[in-house]
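Naming follows writing order (A, B, C, D, E and F), and every chain is counted from residue 1.
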Amino acid sequence: MVATVRSQKFIRGNNLRRKTLGEAGEERRRLLEAFHPDLMRYPIEFAFGDVLSRPGLDHKTRELITLALAIGGGVEREVKSHTRGFLNHGGTKKELVELLIQIAVYSGFPRMIAGTYGIIEVFEERGLFKPPKPLPAPKLKPKSKSKSKAGRAHK
Amino acid sequence: MVATVRSQKFIRGNNLRRKTLGEAGEERRRLLEAFHPDLMRYPIEFAFGDVLSRPGLDHKTRELITLALAIGGGVEREVKSHTRGFLNHGGTKKELVELLIQIAVYSGFPRMIAGTYGIIEVFEERGLFKPPKPLPAPKLKPKSKSKSKAGRAHK
Amino acid sequence: MVATVRSQKFIRGNNLRRKTLGEAGEERRRLLEAFHPDLMRYPIEFAFGDVLSRPGLDHKTRELITLALAIGGGVEREVKSHTRGFLNHGGTKKELVELLIQIAVYSGFPRMIAGTYGIIEVFEERGLFKPPKPLPAPKLKPKSKSKSKAGRAHK
Amino acid sequence: MVATVRSQKFIRGNNLRRKTLGEAGEERRRLLEAFHPDLMRYPIEFAFGDVLSRPGLDHKTRELITLALAIGGGVEREVKSHTRGFLNHGGTKKELVELLIQIAVYSGFPRMIAGTYGIIEVFEERGLFKPPKPLPAPKLKPKSKSKSKAGRAHK
Amino acid sequence: MVATVRSQKFIRGNNLRRKTLGEAGEERRRLLEAFHPDLMRYPIEFAFGDVLSRPGLDHKTRELITLALAIGGGVEREVKSHTRGFLNHGGTKKELVELLIQIAVYSGFPRMIAGTYGIIEVFEERGLFKPPKPLPAPKLKPKSKSKSKAGRAHK
Amino acid sequence: MVATVRSQKFIRGNNLRRKTLGEAGEERRRLLEAFHPDLMRYPIEFAFGDVLSRPGLDHKTRELITLALAIGGGVEREVKSHTRGFLNHGGTKKELVELLIQIAVYSGFPRMIAGTYGIIEVFEERGLFKPPKPLPAPKLKPKSKSKSKAGRAHK
């Protein structure tokens, strides 16, 4: 019976995860499962199937909490994931702005700023925001050093 | 005119802070103001008067966010403050339990445990929870060492 | 069948947890279960029953990792719990000293110091360490202020 | 009168921010204001206009503190911003090196290393540092995988 | 020759540490050395003897940095130690208040509050601050529960 | 005599560092030394020469601890460095997967996910892992916005 029980939890978790994280979540799932299946089993079964499926809080509120934890804790990748999740469960830009400003109070302005960058990327991704054209300021970065920097960034 | 403007913000912030943090908040305010008034001016004017008074999110949701940040970030003193705040704005024990379990997923079980201790203290404080009697286990702590430990704890 | 499956995982988790955390863990379990049973269900089923029971790493190594995370992450309560866990699974004082010194390198000396205080408390608790007598330095703390301070500490 | 009062604080804050963060700060301001103006109102009015304009500490010392918090807290984007700020208020490379080494002691070597990368980027940006040529080590990264990695990095 | 070399560094570090942390630092040193001498060897030789003795920053500025890291990083024990250190190297209360307010901006108000409590304890310890009398508010804490709570706090 | 003593420690540390971090570590060393030699002196002499050379724990266990601290503490650059270190000292993929899953329990799933990305990059780097082909999902990112985003990412 273990298999069936696990499957139900897995299916429930997978469905909720899909609805929450969308296509980008699927891409992550495929990558992690390719490395080792158990790396996705627990996020799907325990996080989404057990905890986030509990009825005590609605999904939008849960995503708001997760996003607060991600921005406040400086886990930038999750900021994008759960901005998607929050929007996918009915959250609004207005609420995101309020969250960001409140985080400035409780975790400091740098976390607010970093969170804003992540949230903006999701709005760009969805075609809901177009960043202003950069100022004609060619002095800021000399030559084509950006490439060497990018290459170095993850050593 | 500056004085008047400031007063309005201060009064608005102070009222919201009082409603949120209750008597323990007043005790803290008196202590910090006695040390230096500006240490309370910004929490009252900026945090409560400016940010937390913004209409975009209701007070209960804001306290839920703050509590998530406090538990996830390990700022234990604020766990108690904002458990009071969450309850004072209509939050329930059931929601707190959901928050704790969700924090286990996103910040790890140790943060959930630490948050639970803080929340329990507030429920005891209000006479809403009575801890179980300790087991008759005299071997755990030899003699009266606890005092020396307590004294050492903040050196 | 769910109940049975859950029971097996719960029993396995509970047994491992008991062996790891000892009497103090039981005291914590009783407190948290009195507040809400689910607060212990997931630590027992998921943390101990699922993850920590996996065969890929031995229990002593797992406790070493947990202790590193607790000291490095500043979750002081868990330092004590998992010092007990590490010793209960065969770890030694010598290894703890090495862990502490290595943490100074990777998380900074303050984390090493805080971790040392927690570890020392467990050694005192077991009668394996006796702190040196305090120096006759009565000037350090004026009068009996320590009580008011302690009272204030968790407001 | 509110508008005028706000303007003065805003103008003072904006001037100090401009002097501190320079052109890159302006670019950030334009982006965040385009997303929502309040995301810049508080950093300018409260952070720069209120707090950082207080006379009790000079601007160079304030930037040193901010940089310590950014490196110690792992907020990498702010490392670059406030390295610029520290240099713009008269700080020196020598002092930055001392700060980095001291951070190794109190926050661990990984934070020192991460901070060094951020500081170096600002020195490159200003043409004050030229990184050594990479060693002829073609085995390190096979083929052109870096692109797929970069694409994945922010999912 | 090793011994001599080590001694010089140790003596230099120990002297600076003594001047910085004072009597409370000696008490800590005796405790940690009693547990294992190497736990003090590196703080004295490397932290104080090597790094903090470097001439590039004066001792007062170094203590300001350390205090910023301690408050911003939430290592409460070190807040007290390095408040003493900052004052012992000529720092003032006014500068501490500015540091606290700036930390609110960059690490959030909860860190400012926690830091304030630690700093206040040192001022009390030195007889430089007397907390206001508690308000006559007997309802806040029912009966003598504080003892059981204190006992539970470090399980 | 100082010079000789230092050299021995430096040589021992440098050898261990080389064996641990490999070519990427050499690239980092060259960059940091070019900026300021002392930025590498302490990591080599103190971290590798003093602490990591202590006999009390084997190198593989030490790298496991460091990796736990890096993933749990969110210092992503070090995840890659010490994944290399762990593998270079005989660690296995199986143990890394166990470490990741255990970190989900104690530091939360987001840290597990971030750690997995870093570890995967090292496996790709060594030709030991090939990520699955991306799904044909062209809607996810409109046009060539990724460049502007990348450019913005480190402002």
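Here, a contact is a pair of C-beta atoms (placed from the backbone, for glycine too) under 8 Å apart; a residue touches a chain by one contact, two chains touch by 3 or more.
Computed from a prediction, not measured in an experiment: that's the story for all the values here.
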Point to revise | Joint neighbours of chain F and chain C, given as chain labels | key: A, B, D, E
Check your understanding: Between chain B and chain C, two copies of one chain sequence, what rotation angle (nearest 5 degrees) aligns their Cα atoms?
Key -> 120
Point to revise | Distance between the centres, which are taken as Cα means, of chain D and chain C, whole angstrom | key: 37
**Study point:** chain B and chain D: spacing of chain centres that average the CA atoms, whole Å
**Key:** 31
Exercise for review: Two or more other chains in contact with one residue: find those residues in chain A.
Suggested key: 24, 27-28, 31, 42, 46-47, 51, 69-70, 73-74, 77-78, 97, 101, 104-111, 117, 121, 131, 149-150, 152, 154
Exercise for review: Over in the complex, which chain F residues touch chain C? Could you list them?
Suggested key: 46-47, 51-52, 54, 56-57, 61-62, 64-66, 68-70, 72-73, 78, 94-95, 97-99, 101-107
**Study point:** Interfacial residue positions of chain E with respect to chain C in the complex
**Key:** 23-24, 26-28, 30-32, 34-36, 38-39, 42-43, 47, 69-70, 73-75, 77-78, 117, 121, 124-125, 127, 131, 146, 149-150, 152, 154-155
Exercise for review: Give every residue of chain A touching chain C within the complex, in rising order.
Suggested key: 1-2, 4-5, 42, 46, 50-51
Review point. Okay, in this complex, where on chain E does chain A touch?
Key: 104-111
Review point. Hey, which residues of chain C end up touching chain E in the complex?
Key: 24, 27-28, 31, 74, 76-77, 80-81, 93, 97, 100-101, 104, 108-114, 116-117, 119-121, 123, 129, 131-132, 134-135, 137, 139-142, 145, 148-154
